[in-house]
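Every chain is named by a letter (A, B, C, D and E) in the order it is written, and numbering of its residues begins at 1.
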Amino acid sequence: MDFVEILIQPETLGPLWLTTKVLVIAGCFHLLIGILLGYYLTNGQSMMRLIVDFFVTLPLVFPPIATGFILLMLLGRAGLIGRHIPFEIVFSFSGVVLASFISGLPLIVKPLIAALRGDVGKLAETAKILGKSDWQIFWLVLLPNVKKNIAAGWFLALGRSLGEVGITLMLGGNIIGRTNTLSLEIYNSVFTGEFERAIILSSLIGVFSLGIFTALKRLSAI
Amino acid sequence: MDFVEILIQPETLGPLWLTTKVLVIAGCFHLLIGILLGYYLTNGQSMMRLIVDFFVTLPLVFPPIATGFILLMLLGRAGLIGRHIPFEIVFSFSGVVLASFISGLPLIVKPLIAALRGDVGKLAETAKILGKSDWQIFWLVLLPNVKKNIAAGWFLALGRSLGEVGITLMLGGNIIGRTNTLSLEIYNSVFTGEFERAIILSSLIGVFSLGIFTALKRLSAI
Amino acid sequence: MSLYIDITKRLKHFTLSTSFSCHPGQLTAIVGPSGAGKTSLIRLIAGLEAPDTGTLFFNNTPWVEMHKGYSMPTNKRKIGLVFQEYTLFPHMDIRQNINFGASNTIHIDELMHTFGIYHLRRERPHSISGGERQRAAFCQALASQPDLLLLDEPFSALDVKTRSFLCGLLADLKTSLNIPIIHVTHDLREANLLGDAIMALENGQIAPDWLSRQYHLHNNLLYPNTSAYL
Amino acid sequence: MSLYIDITKRLKHFTLSTSFSCHPGQLTAIVGPSGAGKTSLIRLIAGLEAPDTGTLFFNNTPWVEMHKGYSMPTNKRKIGLVFQEYTLFPHMDIRQNINFGASNTIHIDELMHTFGIYHLRRERPHSISGGERQRAAFCQALASQPDLLLLDEPFSALDVKTRSFLCGLLADLKTSLNIPIIHVTHDLREANLLGDAIMALENGQIAPDWLSRQYHLHNNLLYPNTSAYL
Amino acid sequence: ENAVIASGAGYKKMVNALNAAYKHETGRSLDILFGNMGRVLMLAKQSGKVDLVLGDESFLVGNNLSLSVRQELGKGKLVLAFAESSAFSTESDLDTIKAQRIALPDFKKAVYGKAAREYLINSGRLPRIQPKLVEVATVPQVFSYLTTNEVDMGFLNLTHALNVADKLGGFVVIDESQYSPIHIMTGLLRTSRHKEEAMVFLKFLKTPLAQSIIHENGL
């Protein structure tokens, strides 16, 4: 089977389109919630903050499949949380988005926190004198000055989301034609011995990440 | 089966000890090579640097199973690189270390680069005037001033190494009693339906990461 | 709109302990040797640090009452501050910097003209000179139309001409703004010309005699006996 | 050990274009209005920026020959520089800062004593006063035993007494160090007292008449006509 | 150095038991590595260090793995398993409306998925229950969703079902005539460097002791 042929198969285009959608949505959430968490975790110190910090980090250190299983237990039909949620997460698009989101989150939050705790504090003083609230200072002064770090972190988060398999497999179900992302298709291809297909899909992911890479390089150089 | 019983089984202690060894070695390499790459990638701009940058990042965005597959092809007995290496990588301890190292590397390198490209440039000027070389400036001035960012990145890298499954399985082989890390054991347990064991091992990983977490918090607050 | 201060704070090598007041339309010049506690005092008034004991009232509103553990946050105090080390925001151009804290009744362009930096309005802080940055920081503080103006050596990076021009401007501002101004300076002549009151700080204490001790030095800039050390 | 400069560089609003020389044991004072190009000139000499055209020779060694595209890296030039905005290393204490570029024949402790900052040797830069930092930066530059000393308003954050003391010290240093010194200052009296040559910069050009135009301003610090603008 | 056997993770318990018995009988033992079948295949092809593989024949042979010896262990058996909290317990429950979701492995690529599909076609159920089917990738995944009550019932293989019987609400073995036979085999790789070792093990697998272990594990 040759390159182009595999590329334009519906079995490739489907996952490609799904991955794009997931990445766009999860990416927006990363940026938004990652930044809000950055604010929350750098303003003051409390026990609660430490706990949130720890839980944000967990998906990084747990094997994906274990995280996926824990989430399945929590969010499934009969799960502690899932029971109270009106819509379905498992086996659905939202499950895939959630998996991508959770796996990437620590990678944007942690570098952001490190940057916010750095030298930008002096600028915050000036802004405080000019009568700005913590919230204004965060958005108008601190964030623009750690833009490079955010871009670096965002790239890591998006990259992780793109390559994520274990959690997506558990939450999304890897259902062909519905929740099989590009990465899961690679996983499936390897699983069933279609190594050429795996390699072609991998190069597709490579191109994808090169795109994000250059886009963020531009963005942070503005 | 109860908690303590599972904990003190040789099937748990073996992987625990292996994981500790792997993490210590891979962690040292992360710090050392991550920092050296940080130096290389921030001093000047060339095509070569862009390429290195891209390859360092790839293991982040590729599904672990794909990365593992590619590495296996390169490093196996008949592989392009493996052919010329006098010692065995595949199915050996060094394979596990390499997998851990590669998966974590982008997470220390990327935030480090973002930090080095930041405000510390002014300090470099002063040091240059005092007659210091780029190399001295990097070690004596820049690094100490991005210490917090390094600690944050190192934590991400170690966390990723700890949770890594896909590449380790391919390079290390998941051979029981020899190359089955804690994460692989969790993977195995989930795969075969031993969920209690998976959860107990996961909490072990949780404790591990909490340890790294606090240690690095201390370290970067020095 | 008067400021009443009575505070102490333990610093590294001595205790800062002052008590004075400052009234609208008046300029209190603070002088004293390097390391005397001048900047620390300004930071305490601005609320960037809290004193150990004491009170601070502005316009009959308590800003600090340490016996009640109360300290009003900096951003509520409506002050203008020009730092010794000017900290403009690197991600904004000069105009945006000045605009950032500005009340909307002020004419930014006029202000920039007055300070001779209008032609630099589109530059980023890192690409203008030290003195230009200092003037921009001054504009920034004024544009926020503060109730209290704190100046920590705002003219140190300026040449004589600009400096004397801005001194004149400051004298005008005293009456036109009609707010209390606290002005830290190393130039005793400036302090004499502008100050309605001059307060000398030495080792954190008000030192009434420090000033007279200085005059002979100021009037003929001499070389003290210094032995070559190399 | 003489410095020969003949360079041009296009800045934002004008072109910096100077040519002069500077000899061992001599101090060249550079004065001029804010934004005239003084700091830019110092940065060019230090090699932190490259000129557009021109040459720079020190001790008959080429430092810059733009027609050959050559510019010696800063760290090879053996210079001491005190910046207008003192940049000490925040992760080192004062002693370590001064020690950092020091040649091993120098007596750091003596140097710190002379500058009155010995008691601060264990402090970090952020916990000392502005003037103290300025003196520490001066020590740091001297400790490296440079072949050329560049000073960009090193005394701006100092009170009269310390300032006049350090002026005296600098006068002594001229002979004891016996290297060329370039000294940017806003204090014309200082320039007159210390300078073997005084060079006025205005809009990037040497302006021989600028100095005489300033004297009446300096001798009686007057308020120019400034209209209230608020 | 021991010979290495790469086995599908679903047979973990059986292979461990075989290895223990092998050690007890002969004093030798194998190094075992587990993975999903895709990984097993990949490692066998690429690493150059695998001597024996264990898995289903159609997959291993179908993917051109070069084997010098093949030895059948037994037939893989398809089962229909029920979630612990569900009220279902028979094949006919497939037809009730109460069953909302039925999981099965990928029916094009996974061998038990194929078998399940054949069974559904042969029993004439497929068209009706098609909307209820949740087609996931692998057998362990089906089991994960069973334990979390995400699905009401699902198709597994007997070996796996026996391993996790305590976490299921029961299972029924599907009549073997309803799907094409699944041959579980071990094979010796041509690239093996421990051929003699491996042959000893293959011989051991034929002993009654080994056969009984294999049988106990649902083959």
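Quick note on the criterion: a residue touches a chain if its C-beta (ideal position, glycine included) is under 8 Å from a C-beta of that chain, and two chains touch if they have at least 3 such contacts.
Keep in mind the model is a prediction, meaning the values are calculated, not measured.
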Shared interface partners, meaning chains that touch subunit C and subunit E: A
Touching subunit A and also subunit B, the following chains: E
Which of B-D and B-E has more C-beta pairs touching across its chains: B-E
Chain at maximum distance from subunit D, centres defined as averaged CA atoms: E
Geometric centre distance via CA averages, subunit C-subunit A, whole Å: 47
Chain centre separation (subunit A, subunit E; CA means) in Å: 34
Rounded Å distance, subunit C centre to subunit D centre (Cα mean): 25
Centre-of-Cα separation between subunit C and subunit B, whole angstrom: 51
Residues of subunit A whose C-beta touches two or more other chains: 69, 184, 187, 190, 195
Multi-partner residues of subunit E (at least 2 other chains): 36, 39, 42, 144
Chains that touch, pairwise: A-B, A-C, A-E, B-D, B-E, C-D
Sites on subunit E touched by subunit A in the complex: 36-39, 41-42, 59, 62-63, 85, 106, 109-110, 134-138, 141, 144-145, 148-150
Contact set on subunit C toward subunit A in their complex: 46, 48, 73-76, 78-81, 83, 87-91, 100-101, 140-141, 144
Of subunit B, residues touching subunit D in the complex: 122-123, 125-133, 140-141, 144-145, 147
Residues on subunit B engaged by subunit E in the complex (per definition of touch): 65, 69, 72-73, 76-79, 88, 90-91, 169-170, 173-178, 188, 190-193, 195
Contact footprint of subunit C on subunit D as seen in their complex: 12-13, 31-36, 38-40, 84-85, 106-107, 110-111, 114, 119, 123, 127-132, 134-135, 142, 153, 156-165, 167-169, 171-173, 175-177, 186-190, 193, 214, 217-218, 221-230
